[in-house]
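Shared between the two complexes below is chain A, which pairs with chain B and chain C, respectively.
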Partner chain A sequence: MMASFGGALAGGSAAPRRWPAWAIYLRTMGLFCLLWYVMSWLTPNKLLLPSPIDVASAMRDRIEDGELIANATVSLTRLLISVSIASLIAIPLGLAMGTSRLFEDLLEWPVELLRPIAGIAWIPLALFMFGIGNGLPIFIMVYTAFFPLLLGTAAGVRNVDRRLIAAAKTMGVPRGTLMRHVIVPAALPSIMTSARLAVAASWTAVVAAELVGAPSGLGYAIEYYRSMLDTPSVMTFIIVIGVLGFLCDTALRSLSAALMPWALSEKKR
Partner chain B sequence: MTLQPAPKIKLAHVRKEFGGTPAAIVAVESLSLDIRPGEFLAIVGPSGCGKTTVLNMLAGLEPVTSGTMTMDGKAISGPGAERGVMFQDYALFPWKTVAGNIGFGLEHGPAGHGLSRAERDARVARVIDLVGLKGSETKYPHQLSGGMRQRVALARLVANEPEILLMDEPLAALDAQTRIILQDELLRIWGQDKPTSERRTVVYITHSIDEAVFLADRVVVLSSHPGRLKRIVDVDLARPRNDETRKSRSFSELSQTIWELIREEAYRATMQ
Partner chain C sequence: MKHFLIRLATPIILVILWQLLADAFGSPRMPRPSAVVASATKLIGSGDLITALATSLGRVFFGFMLACAIAIPLGILMGSARAVERNLDPLVESFRPVAAIAILPLVILWLGTGSMAAIVIVAYAAFFPILINTIAGVKRIDHNLMRAAYTMGVPPATRMWVVLLPAALPAILVGMRIGLGMAWTAIIAAELAVGAKAGGEGGIGQMMFIFYSYSVELNGIVVCMIAVGIVALVLDRILRAALHAAVPWSRL
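The block that comes next holds the complex of A and B.
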């Protein structure tokens, strides 16, 4: 994982890399913190931009009083529930859309009209419908995760190599088997990519939804410490959101690699 | 005269167009052909003669535009397990290993009905051995060379034991030595040591005239643009055929005859 991260940082540069990946990573982070420190030192009001040292100490406090773990667990649980619900609805619908003209015609317009509306646009309405609690963030997150999953699955199914379907048909494979053993595995890389997009979008939405409509979670914590004028803690939670988002994507990439050993090495070639 | 059995597959005035009516491209025109049971039929012709289209129609993957195509007297209306296909570009399942690809039809199709798990595995192992893929069972297609992929595709077809084997340039990606070895194997699989009644029916598309003559009972020569039947050449070389056959005078004479039939068009296609 570290290697691919280093690769992403190095970009397409052809020059041989003299530093190991972890050293490059540390160097970049060190430079960033230095820049941050200088900026905060230049800022007259420490409330507006706390220094990295203040944030580090706030982070230690929030770990010690359990706030960080508790709120992160709440948000991650919501993410897991929301993406699971979205997958259970969107993937079968996407398979239907990709294979059946009728489903495609039925769903195309509603989807195209709803898709440009950001999940957070529904927050005010959802406040009436669900009140403050788990309902609102989960609704917003399911909504956000739904479209990438639906469209990614449908596109994956439509792009399945026709020759593979032809090959299975000449072996007399029945329809149901064709779906399960040819179309789904062939569309799986596309489904997994859309799952990564869905998780990323959903994670972005959780913060917005919790800022307004939940009594717990990372978004709620940001809002709470803002009202306390405790900006180092606000920064702490912002950093946690970033790190957890990155870790979720890393976990999904590992899951993809485990599910599709054939697809990963295909890309390496 | 020997008594001719009823044809296994009968093509009558088959025409195939692609595209819309005003600008339709005619791929195959008024093709009539009887394919006899147990015969090894090769189809050769210059590029653009519709060889692959004929094979796809036989497989049931492309409908005929007009004319009829029947198997055992029944119209061919779609793909079926009794007509196995080996595709030119192999069409291997990338998520299946070598063994998984070869056993796919046995696991999910009618070819494996009535076979136990152990019997299916044994057949897959035997076919893997036959095409020389031992040791590569757990590899994925992308880890194989072109020649090895082609052997997987051949093994997948053979494992399903279809009544009719439709093969589209099955040995094209192999090096010369492997090709000769697999030609011999192919004849053995087809059953050249057995009486005609126990042989499978093979329709074999190739661009290699020598290969067509070495393998086939009859060679169908097509002309191009549109694909039409030019001539059917009977290959009366004795069976079983082997290296002696390749050296024989009649082998080279037959190859020469067929080459003369397509030479002009082949040159024209190349120079264009």
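The block that comes next holds the complex of A and C.
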């Protein structure tokens, strides 16, 4: 449908589908690397734009000396811990906000007042509260992940089909069971979507937090190699951040597909 | 009425509680509402806060305009020509997960620590939401509209301005709204990180960092945080109003 429409706009014929998606990916990225190579060859100062080959060899070095794995593990562990903490607080609160008018009244304004203050803006105050170490990035990431999870859960609960709840109540289902077997499963697609948003936002925040105030992690590594003027290594870590961010999102997407095969109508992208 | 009172009461109670707890247990340095208000009056009175906000907003404005100028035409092209989309999509999907703040060290290397670097970071942060929403908006257009225009012999350029652009406008504005929010966050992060490295020049993020590292003025930091929140809220409202004005039929 969309393909034919796009083709019509492009001049009457649908794009030929000779190339599979992965081949197009390789072709585009290959061209990009070629262009990058030529540009770096034209740049007199190799410090400014190292060639893709330099970056590849820096990546090999960083894998061999263990820096890459060590820092990636640190950052991913922080992500896992903070998203877990944020979920443990935000999802129950969101369920409460979605089901009880009192909780909604209590939480709505404080949340709306705090939410516009970006997690990153907390960094200076958090530096004072936690010092440089694990506390700072985890605090920033929990804060960043909290709001999407809370609001997504509350919205999911509010959008649960009223007839499902009414039917369960009519059949005398007790409150706890109603929550566990009706409301939570029905709100799950919305919760998982907000979890994806939360993970993406916290992954951005971890880099910023580590760049400013942590002695380890991918953000710290970028800043460290920048101060060493080792641009190929800086690029290596940027690539790693992108790849890990993409993998986390893919993992969450397949998790939601496995958890709730009924919600596949949610568009892939 | 009861609900409104509860809503109003919670933030007020929380602020009073913060003041009492800080007075009772906190060290004299700990920020508290009374000191924050005093600090805010001072910072607004001296014009420092306004200058810093204006510097940051100026960077966001230019960066955001740059992002729109590239992302909207590119998104329209990618959304309407399948072949272009298929070939460029790998690049978009590869760069999208890379946070703007992660490329900051590279940008500093290329452009130094001045406004130029900040503008590029902002443009990068706002670019992807605008691009992705524009592509989606163009693809979601009612095909019959385009076919009708095509049948009636409307020339391509007019088709674009009169049919395609208005129909895709709601999605483009949604992308701009998300992009502007990300741009504002990115400028804070960029100024903070630059402030951590060098003296630099102005901006609200830098101001916060100076309060942290040189004068340990925590109340000033809280004033900056509140200012950051208010600006974020106002920017969001402006784009929401633009969305309402441009597409009154959309529910947003």
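Just so it is clear, the second predicted complex is superposed on the first by the 248 of 269 C-alpha atoms of A that agree within 3 Å, B and C clash if a C-alpha of one lies under 4 Å from a C-alpha of the other, contacts with A are read in each partner's own complex, and residues count from 1 in each chain.
To be clear about the criterion, contacts are C-beta pairs under 8 Å (C-beta built on N, C-alpha and C of every residue); 3 or more make two chains touch, one makes a residue touch a chain.
No experiment lies behind these values; they were computed from the predicted model shown.
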{"item": "Partners on chain A (chain B, chain C) - clash or fit", "value": "fit"}
{"item": "First, second, both or neither for A:Ile222, with chain B first and chain C second", "value": "second"}
{"item": "Which of chain B and chain C A:Thr231 touches, first, second, both or neither", "value": "second"}
{"item": "Angular separation of chain B and chain C about chain A, which is computed from CA centres of the superposed model and rounded to the nearest 10 °", "value": "100"}
{"item": "Which partner reaches more residues of chain A (counting touched residues only), chain B or chain C", "value": "C"}
{"item": "Contacts of A:Trp122 with chain B and chain C, given as first, second, both or neither", "value": "second"}
{"item": "Partner chain in contact with A:Trp262 - chain B first, chain C second, else both or neither", "value": "first"}
{"item": "Which of chain B and chain C A:Leu188 touches, first, second, both or neither", "value": "first"}
{"item": "Partner chain in contact with A:Ala168 - chain B first, chain C second, else both or neither", "value": "first"}
{"item": "Shortest span in Å between Cα atoms of chain B and of chain C, once chain A is used as the common reference", "value": "18"}
{"item": "Contact set on chain C toward chain A in their complex", "value": "3, 6-8, 10-11, 14, 31, 79-91, 93-95, 97-106, 108-110, 139, 141, 143, 146-147, 150, 184-185, 188-189, 192-193, 196, 205, 208-209, 211-212, 216, 218, 221-222, 224-226, 228-230, 232-233, 236"}
{"item": "Touching residues on chain A, where the partner in the complex is chain B", "value": "161, 163-164, 166-173, 177, 181-182, 185-186, 188, 260-263, 265-266, 269"}
{"item": "Residues on chain B engaged by chain A in the complex (per definition of touch)", "value": "59-61, 78-85, 87, 89, 91, 93-95, 104-105, 108-111, 140-143, 160"}
{"item": "Chain C-facing residues of chain A, complex", "value": "1-3, 5-10, 14-15, 21, 24-25, 27-29, 32, 47-48, 101-102, 105-110, 113-114, 116-118, 120-125, 127-128, 200, 203-204, 207-208, 211-212, 218-219, 222-223, 226, 231, 234-235, 237-239, 241-243, 245-246, 249"}
